[in-house]
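Think of it as A, B, C, D, E and F in the order they're written, each chain with its own count starting at 1.
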Amino acid sequence: MVHPAISETAKAIKELKIQGARNIAERAVAAIYSMLLDEKEKGTEKEEIIERIKEAVGVLAKSRPTEPALRSALAYVLREVTRLKDLPTGIFTDALIESLEKFAERMDETEKKIAEIGSGLIEDGYTIITHCHSSTLMGIFRKASEEKEFTVIVTETRPKYQGKKTAKELLEMGVKVVYIVDSAAYYFMKQADIYMTGADVITADARVINKVGTALIALAAHEFGVPFYVAASTYKFDPATVLGFSEPIEERDPAEVIDPKELKGAEIRNPAFDATPPNLVSGIISEKGVFSPYTFVSLLSSEKTIDPQLETIIKLAFNR
Amino acid sequence: MVHPAISETAKAIKELKIQGARNIAERAVAAIYSMLLDEKEKGTEKEEIIERIKEAVGVLAKSRPTEPALRSALAYVLREVTRLKDLPTGIFTDALIESLEKFAERMDETEKKIAEIGSGLIEDGYTIITHCHSSTLMGIFRKASEEKEFTVIVTETRPKYQGKKTAKELLEMGVKVVYIVDSAAYYFMKQADIYMTGADVITADARVINKVGTALIALAAHEFGVPFYVAASTYKFDPATVLGFSEPIEERDPAEVIDPKELKGAEIRNPAFDATPPNLVSGIISEKGVFSPYTFVSLLSSEKTIDPQLETIIKLAFNR
Amino acid sequence: MVHPAISETAKAIKELKIQGARNIAERAVAAIYSMLLDEKEKGTEKEEIIERIKEAVGVLAKSRPTEPALRSALAYVLREVTRLKDLPTGIFTDALIESLEKFAERMDETEKKIAEIGSGLIEDGYTIITHCHSSTLMGIFRKASEEKEFTVIVTETRPKYQGKKTAKELLEMGVKVVYIVDSAAYYFMKQADIYMTGADVITADARVINKVGTALIALAAHEFGVPFYVAASTYKFDPATVLGFSEPIEERDPAEVIDPKELKGAEIRNPAFDATPPNLVSGIISEKGVFSPYTFVSLLSSEKTIDPQLETIIKLAFNR
Amino acid sequence: MVHPAISETAKAIKELKIQGARNIAERAVAAIYSMLLDEKEKGTEKEEIIERIKEAVGVLAKSRPTEPALRSALAYVLREVTRLKDLPTGIFTDALIESLEKFAERMDETEKKIAEIGSGLIEDGYTIITHCHSSTLMGIFRKASEEKEFTVIVTETRPKYQGKKTAKELLEMGVKVVYIVDSAAYYFMKQADIYMTGADVITADARVINKVGTALIALAAHEFGVPFYVAASTYKFDPATVLGFSEPIEERDPAEVIDPKELKGAEIRNPAFDATPPNLVSGIISEKGVFSPYTFVSLLSSEKTIDPQLETIIKLAFNR
Amino acid sequence: MVHPAISETAKAIKELKIQGARNIAERAVAAIYSMLLDEKEKGTEKEEIIERIKEAVGVLAKSRPTEPALRSALAYVLREVTRLKDLPTGIFTDALIESLEKFAERMDETEKKIAEIGSGLIEDGYTIITHCHSSTLMGIFRKASEEKEFTVIVTETRPKYQGKKTAKELLEMGVKVVYIVDSAAYYFMKQADIYMTGADVITADARVINKVGTALIALAAHEFGVPFYVAASTYKFDPATVLGFSEPIEERDPAEVIDPKELKGAEIRNPAFDATPPNLVSGIISEKGVFSPYTFVSLLSSEKTIDPQLETIIKLAFNR
Amino acid sequence: MVHPAISETAKAIKELKIQGARNIAERAVAAIYSMLLDEKEKGTEKEEIIERIKEAVGVLAKSRPTEPALRSALAYVLREVTRLKDLPTGIFTDALIESLEKFAERMDETEKKIAEIGSGLIEDGYTIITHCHSSTLMGIFRKASEEKEFTVIVTETRPKYQGKKTAKELLEMGVKVVYIVDSAAYYFMKQADIYMTGADVITADARVINKVGTALIALAAHEFGVPFYVAASTYKFDPATVLGFSEPIEERDPAEVIDPKELKGAEIRNPAFDATPPNLVSGIISEKGVFSPYTFVSLLSSEKTIDPQLETIIKLAFNR
C-alpha cells in the first residue's frame, strides 16, 4: 500500500495541481519526508523503509516523467539512501529524515554559493544576454547588482513569456533591461559580453538541457565569440543518463503556442526543452565552482563506478 | 511643387495608412505613374520630367526610409529612367509610362517564374522549415503542392505571428503543417531537408536581409547540414549597397513586442530584420535561376560600373 | 519518325553497349551529326531541322538520364542551335554541322588548355591527393610532370577501382605514386599540399558533383587547410540546374559493391556521385582560368537571363 | 630464461599464427596465467614472480608492438600486479591467478554491461551508420534489436571488408541493413540519426584510435549534426599515452590493398587505424556509463598520479 | 635595343633605388610613357610600338618579380594596348600616350571613389581594427573622419612598423588610435566592429594577398563575428592568376627581422605577404562598389574568355 | 606586524626589483620560509602561525596582482597549510618548513618529469612552431634533442623579443631554428607538425593563459589541423578561478611597445597575456601526463569540493 502522502502528491503532480520545477521537486521530497516520519513512529525496519522509499520514488517519478527537476530530486533521495544505508536502522531513519528535512534549505545554500561564484563572471559595464527565467541565475544577477552596473538583454521566451518575469525582477534590482523577441538574439549578440542561462538537466555526456531556444541562441553566441555560462547546481546532473537513458524532452500543451482551433489540421508542437552540446558551453557555474561541462560531469562521476543498488533503483523508478 | 499624387502617397506611407511591403512598393510606383500621365498631358520636356521624377523619388524614399521594398521599387523606376533617357521626349515618356504601368504585372510574372523554378528544389516527401511569410515563397509551395507531398515546419514569427498566415495558406493547399515557436527551430532542424524563406533585400556583399530570426535559424540549418534557399526576385537587390550604404534595419513599435506599461523602465527593442551572411545561404531562387548569393549579385552587377547618374539620384533620394 | 542514327545510339546507350562519360557524350553528338548530314542532303528547312534536333535530344537524354556528361553534350548542341538559329537555313545547317564535327576536337583543345593552366598550381616537390580517375586531371599531371617532380596519393576508388588506372598512368609518366584505400584519406591528408579531382557536373548553385567520396575527402582537406582544386571544362556546367532541376545521382548496379547473394536481405546501395558544396572548393580549373566555383558559375551565366527557347528545349528533353 | 608459455605465445603472435585483437589479448594473458601456475607450484617468491611477469610482459609486448589490444591486456596485468603487490607472496600469487583466470570472463561481463547501456542510445526507428566490425558494438545492436526496430548503414571497410561480417550478423539479428562502400558515407549521412563504432584505443588526450576511415566518417557526421558514440570498455584506455608515448599506427601488408605486381613502382600504404580527435566524439559507451571522451579519461586517471612502478614497467615493456 | 627610359628605370627598381608599391608602379608606367613619346616622334609603326612595349613590359616585370603592384601596372598597360590595338597607328599612339599620361591621375580618382564608398561602412562610434598601412584605406579613414567619430586599433606591423605611419596619419586626422603589437589582435578583437586593410593583389580564385599577418588577424575577426573589408582598386586584380600562375610571395631581407649576427646558425625568414582565403573576407571595397571577393573577381573577368594576345604577353613578361 | 622578510620582499616585487615569473614565485615562498624559521624559533602556536601565513600571503599577493606565477606559488603555500593543518603544532611547523624548503627543488623535479613526457610527442624530423619563451618547454626541447632531429619555428614575440632567447638556447642544443615575426605564423603553419608553448595559468574552465599572441597562433594551428600542446606543471592551475574570479590580464608598460613620445595622443596598450579557449588545445603536458585541458582540470579538482578555509584565504589574499 503506497503511503497516502505519496499517492496524493503524485496525483496532484499528475493533474498539474502542483507546478513549477523547484516546487514539484520540493513537494516530492516533502512527501517522502512525511512518509518517513510515519515509518519512524511505526518503528519500521531499515530494509522495509528502503523498500517503501523505492516504491515511493517509482510512483512519484512516473507522475511526471518529463520533469527533470523531479527526477533529480528523487535521484538525490536515492543517493542519500545509498550513502546512509549501512547505518543501523534507528540512526539511518533519523539521518535520512534530517537530510530530507534540509533539502530545501540545502538548495538555498547551494543557490547562495552559486550566486556568489557566478557574480564574479560579471564585470562592471557588461552586457549579458539571457533566455527564459532561472531562479539560480537571478541569484547571480542579484548578487552582482549589489556591486556592479550591467545590462541584461532578455528574450521574451515563447510560448510562456518567462522572460517577462526575468525582466521584471531585474528592473526591481535596478538592472538595465533590453527586452526582445527570442529570434532577435542573433541581431543583438554582437553587443553581448556573455550569454548566461540556467539549466534543467546536465547529462553524462555533458549536454545542457534547458528551455527550448537555449541551444539556438548558443549557436549565435558561438558565432560572435561570446562565452556561454550556465548556472546549475550539481543536483541538476541526471545519473540516469550515465546508464544511457536518453533524457525525454517534454512536449507541453499545444494551446500554449496557439489555440488549435485557429489552425485546424496543423500539428502544433510544443517541446519545452532543447539540448545544447558541450562544445557550445564555456562553463557551468555550480556550487563546486566554474568548470567546463566535461569537468563538471567528471567531478560528479569520478568517485566510483555506478553503484549497483542505485542503478537498480533508477531502473525501477523510471520503469526501464 | 511636388505633384499631389506624390505628396499624398508619401503622407499616407508616413502615417502608416499604406502598409505591407509589396503594397507600399506598388503604390509608390503608381503615384509616379499618375504624375507621369499629367506631365504627358502637359507636354513637359524630358529633362523636366526626369527632374520631377528625381524629386518624387526623393520624397517617396524619405517617407519610409526603412522599408526596403520601397527602396527597391524606386530604384527600379530610376533604372528605367536611365535605360530610356536617350530616347526623344515623346517616346521616352510613353515608354516610361508603359514600363511603370506594367510594374505590378511584371512582378506577377516574376513570381510565377520563381514558383516554377523553386518548386524543383522540393522533392516528394520533403520536410521544409520556413520562417515568417513570403508571398514569393508561398508561390513556390503552391506550385510544388500540385505535384508533390511535403511537410512544412512553420515558425510562428514573433512579434507579429506572420507564421500563422503561412500555416493557414499551406493548410488550404493541403500541405501538412507543423507549427512551432521560433526558438524551437534548433530542436526540429534535424528533421528538415531544406530551409526556405523569402527576402527583403539582397546587398552587394551578398547578405540576405529578411525577417528577424532568419539568420538565427540559418545557423541551426548550417549545424545540421540543411541547405538554405532564399526565394527573391532580382528587384530585391539594393543598388545603394554597392555604394557602401549600409542597409538600415527598421525598428518597429515596441508595443508589438509587449505593452511598455508592463515593463516600465525596460528598453523594448523591435528590429524587424536581420542579415544572414552569404556563407549560410546555399542559393537564391530568382526569376533568373537558382544561384549562390555571390553569383546572384555578380549577375546583377556585371554589365557595367556604377552608372554615374543613377548614383547621383540614389544619393539625392536617400539623402546621403 | 526518329532518325535511325539517333534511335540506335539511344538504344546502345540504354543497353550499356556504349559506356564511359566522354564516349557517351561524343557518340550522342556524332549521332546528331549523322542525322544532320542526312537532313542537309534532303534539303530540310531550318525550322524542321530544329524540331528534329529537339526530338533527338529528347530521345538521347532519356537513354541515360543519370549520365551528366550526356546531358552536358546535349546542352551544348542546344546552345549551338540557339546561337545559330537566326542564320538562313543553308548557312545554319552548315555551321551546325561544322560545329558538331569539331565537338571532339574542341574538347581536346579545352583539355589541353586546362592542362596548361592547371599545371601552374603544382609546385615542384608537391604532394597531391586525388580520387578516382579524370582524363582532364591526368592532362594536368602529364603537363606538370614534364617540368616538375611531385608525388600523387591515389585512392583506389571503390567500387570500380578507377584509382588503379590513375596510378598506372602516373607511374608511366614517371610520377611517384602512393596508393591507398579510400578511407585512408584522412590519415594521409596532413602530408598533402593540394587535393585535386575532376568533376562530372557543376551546378548553378556552385556544387561540384563527382565520384562518390569526393565530398568526404574534401571535408578532410578542409580540416587540414589543404586547398581543393577541381579540373573541369566549362561544358561541365549544367544549365538545367539554373532552372532548379536537381541533379539526379545515378545509382549503379549493387553487384559492383558485393555479390548480392553474399548478403541476402541487405539493401545494397551504389550511388555513383556525391555533391561537394562550394565552400569546400578553392577553385575550378577550366579553360577560362582558375576561379572559385561561385565565379565559375558567374562567368558562364552572366551574359543574359535564361534563353526561353533553351529553357523549353531543356524541359522537353529532360521530360520535366 | 623466459617461460616456454611466454616464448611460444610470443612467437605465434609474431608469426601471425594468432590473430584478431581480442584473441591475441586473451592468449597473451593466458600465457602469463600458465606461467603463474608453474611459479606457484615452484613456490617462487613474490619479488621473483613480479620480475618474471615484467620480463614476460616485455617479451609479449614486443611480439606485436602495433596491436593496441595486446598492449591494453598487458597493461591490465601490470595494473593487477600493482594493485596486489603489497599482499604476502602466497595470497599475492593466488589473487593474481584468480584475477587472470577471470580476464576473459570479466571482459564478457564488461561487454554485457556496455550492450545494456549502449542500447539505450538507440531509439525505435533510428538509422545508425557504422564502420568496420566491433564485437562490443555488435553486443549493443543485439541488445537493442530485442526491443526496437532500426536500420544500420554498414560500410564495407576496405581493405579487409569487415563490414561484411557486421552486415551478416545484423541480418541474422533481423536488423535492416544498408550496405555501402566506405566513401559513400557522406552521401548517406543526412539519413543517419547516430554514428556508432567500436574503438581500439583511447589515448590520454582523449583521441579515439579505430579502424582507418573512422575519423573521415566522423567529419561527415559532424557536418550533418549527427552525434558519434564509441563503444569501448575502459580497458581500451592506454596508460602509455599518459606518459607521452604516441600510439603507433600499424601498417599492414600492402597486398591487402592490391597485388603489388599490379602497380610496380607504386608505394602501397596500408595503415590499419586513424585517430579521431575528441571534439568529433559525442560520447564513449563504456561499462562505467556514457561519457564524453574527456570525462572518460578523467574517470580513469583521476585517482592518483602515475604509479612510478607502473611507469617503470611500461617503459621496460615497450622498450622506450 | 631597349629604350634607355626602360632600362634605367628597371635598373633603379632592381637596385631598390625606387621603392614603395605605388611609386614603383607609377615610375614603370612613366618609363613606358617616355618611350612612347620618343616612338611617336620617330613615327614608329603600331606593330613595332607594340613589340617595343612587350619588350619593355618584360624588362620591367623582371626587375622586381615579387612586387605585385608593378605586375598590376604592367598588366594595365597591356590591357590598354589590347583595347586600342585595332585603331590606326597615329590614333593608337596618341590614345595610348593619353591613357598612360592619366595613369596616376586615374589612380587618384579611383582612390577618391573608394574613399567615398568605403566611408559608408564606418558608422559613428565604431571601433575598427587594421593592420599595416594602406594609402587606399587611409583615404577611407580620412573621408569618414570628416563626419564621424571612430577609433582605430592599429597593429605596429613588424618587421617594418608600418603601423606607426598609419597611427600618425590617423592622429593628424583627429581619429582616436589604440596602438598594439601584432599578436595582441586576438585580445582586442572582441571590441572591434570591423576589420579593414588594404590589399596588394586579388587572385582569380579570390584570395587577398596583403602584408604578412593579414590572414592571421582575419582568423581572429572570424572567431568573433567581426566582418573583414578590404580596400582595393580593381587594378589590384592580377590577371596572371587566371592562368594558374601562383602569386610569388616576396621574401625580404632577413635583417629587417633581426641582425643575423645575433642569431648565427638560425634561418631567418621574412615573407612580406600572406594570402587570406575568400571565406574570411566579407567584402572588397573597390571603385566599382562593395562586393564579396567572389563577385569582385566575377565582375572583372566576366566580359570575355582570356584574351589570347594578353595571355601571350603575360607569359613573355613573366617569363613563364 | 608583518614580518620584515615579507614586507621587504613585497616591496621589492612591487618596485620591480624582483622580476621574472619563476623568480618572483620562488622569492615569495622563500620569504614565507624565512618567517616560518623565525616563528619556529619563537615557538609560535600553529593557529598563530597560520594567521601569520594568511597575512603574509595577502601582503605578497597584492604586491603584484597580475603576476599569475606569484598567485600560483601562494596558492601552493595555502594548499600545504590546509594539507598539514591537522598535525600538532611542532610537527606542523617542521613539515611546512620542509615543504617550502623543497619548493624550488620540487619545481625542478616537476620540470624534469615534464621534459621526459613531453619529448615523447616530438618525433624525429618534426617541425614545431612555438611562441615566446618557456623554461618548461625548453626542457622538453632539450630532452628531445638528445635523441631526435627536429626544427623549431620561433616567433620573435613582440614586444620583448623572448623568441630571441628561445632561438639562442635551441641553437646551443644544436636544434635547427627558423626565426620569424609573430604575424608570419599563419604563413608557416602548413609546414608545422605541432604547435607547442608554455603557460602562465590554467583556469578552472580550462582556458590557457599565456603570452599575448598564443591564442592568435592557436587559431592558425586549428585552421591547418596542427595539434597544440601546452607544457605546464599542475601548479599553473589557479584555484581562484574555480570561485569565478576572472584571471586579470596584466597590462605592462606602453614604452615596451613604442616610445609614447613617438605617438603623442595615441593610447598604447600592452597586455601581456591572452586566453586560449580549450577547444583549441589538444593537450597539456604536465608532470601527471598528457591530458586534454578539460581532463587536466578534472584531475586537479576531483578530490573534493572547495576547501572552505582555502576559499576564505583566497578571498582575503586577493582582496575580493
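Keep this in mind: a contact is a pair of C-beta atoms (placed from the backbone, for glycine too) under 8 Å apart; a residue touches a chain by one contact, two chains touch by 3 or more.
Because the structure is predicted, anything quoted here is derived from the model rather than measured.
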Joint neighbours of chain F and chain D, given as chain labels:
A, C
I need the pair from A-D, B-D or A-B whose contacts repeat those of D-F. Over half of the residue-number contact pairs should coincide.
A-D
Of B-D and B-E, pair with higher C-beta contact tally
B-E
Determine the centre-to-centre distance between chain D and chain E, using the mean Cα coordinates as centres, and give it in whole Å.
56
For chain A versus chain E, what separation do you get between their C-alpha means, in angstrom?
58
Chain E to chain F: how many Å between their CA centres?
44
I need the residues of chain F touching at least two other chains; which ones are they?
223, 279, 294-295, 298, 302
Among line, ring, star, complete and other, which one matches the pattern of chain touches?
other
Judged by the touch rule stated earlier, which pairs of chains are there in contact?
A-B, A-D, A-E, A-F, B-C, B-D, B-E, C-D, C-E, C-F, D-F, E-F
Under the definition above, what is the set of chain C residues touching chain E in their complex?
116-121, 123, 279, 282-283, 285, 287-292, 294-295, 298-299, 302
Contact set on chain D toward chain C in their complex
131, 154-159, 164, 167-168, 171, 176-188, 212-213, 215-217, 219-220, 223, 249, 257-258, 262-271, 274
Complex interface listing, chain D residues touching chain B:
189-190, 193, 223-225
In the complex, chain A touches chain D at residues 204-206, 241-246, 277-279, 294-295, 297-298, 301-302, 305-306, 320
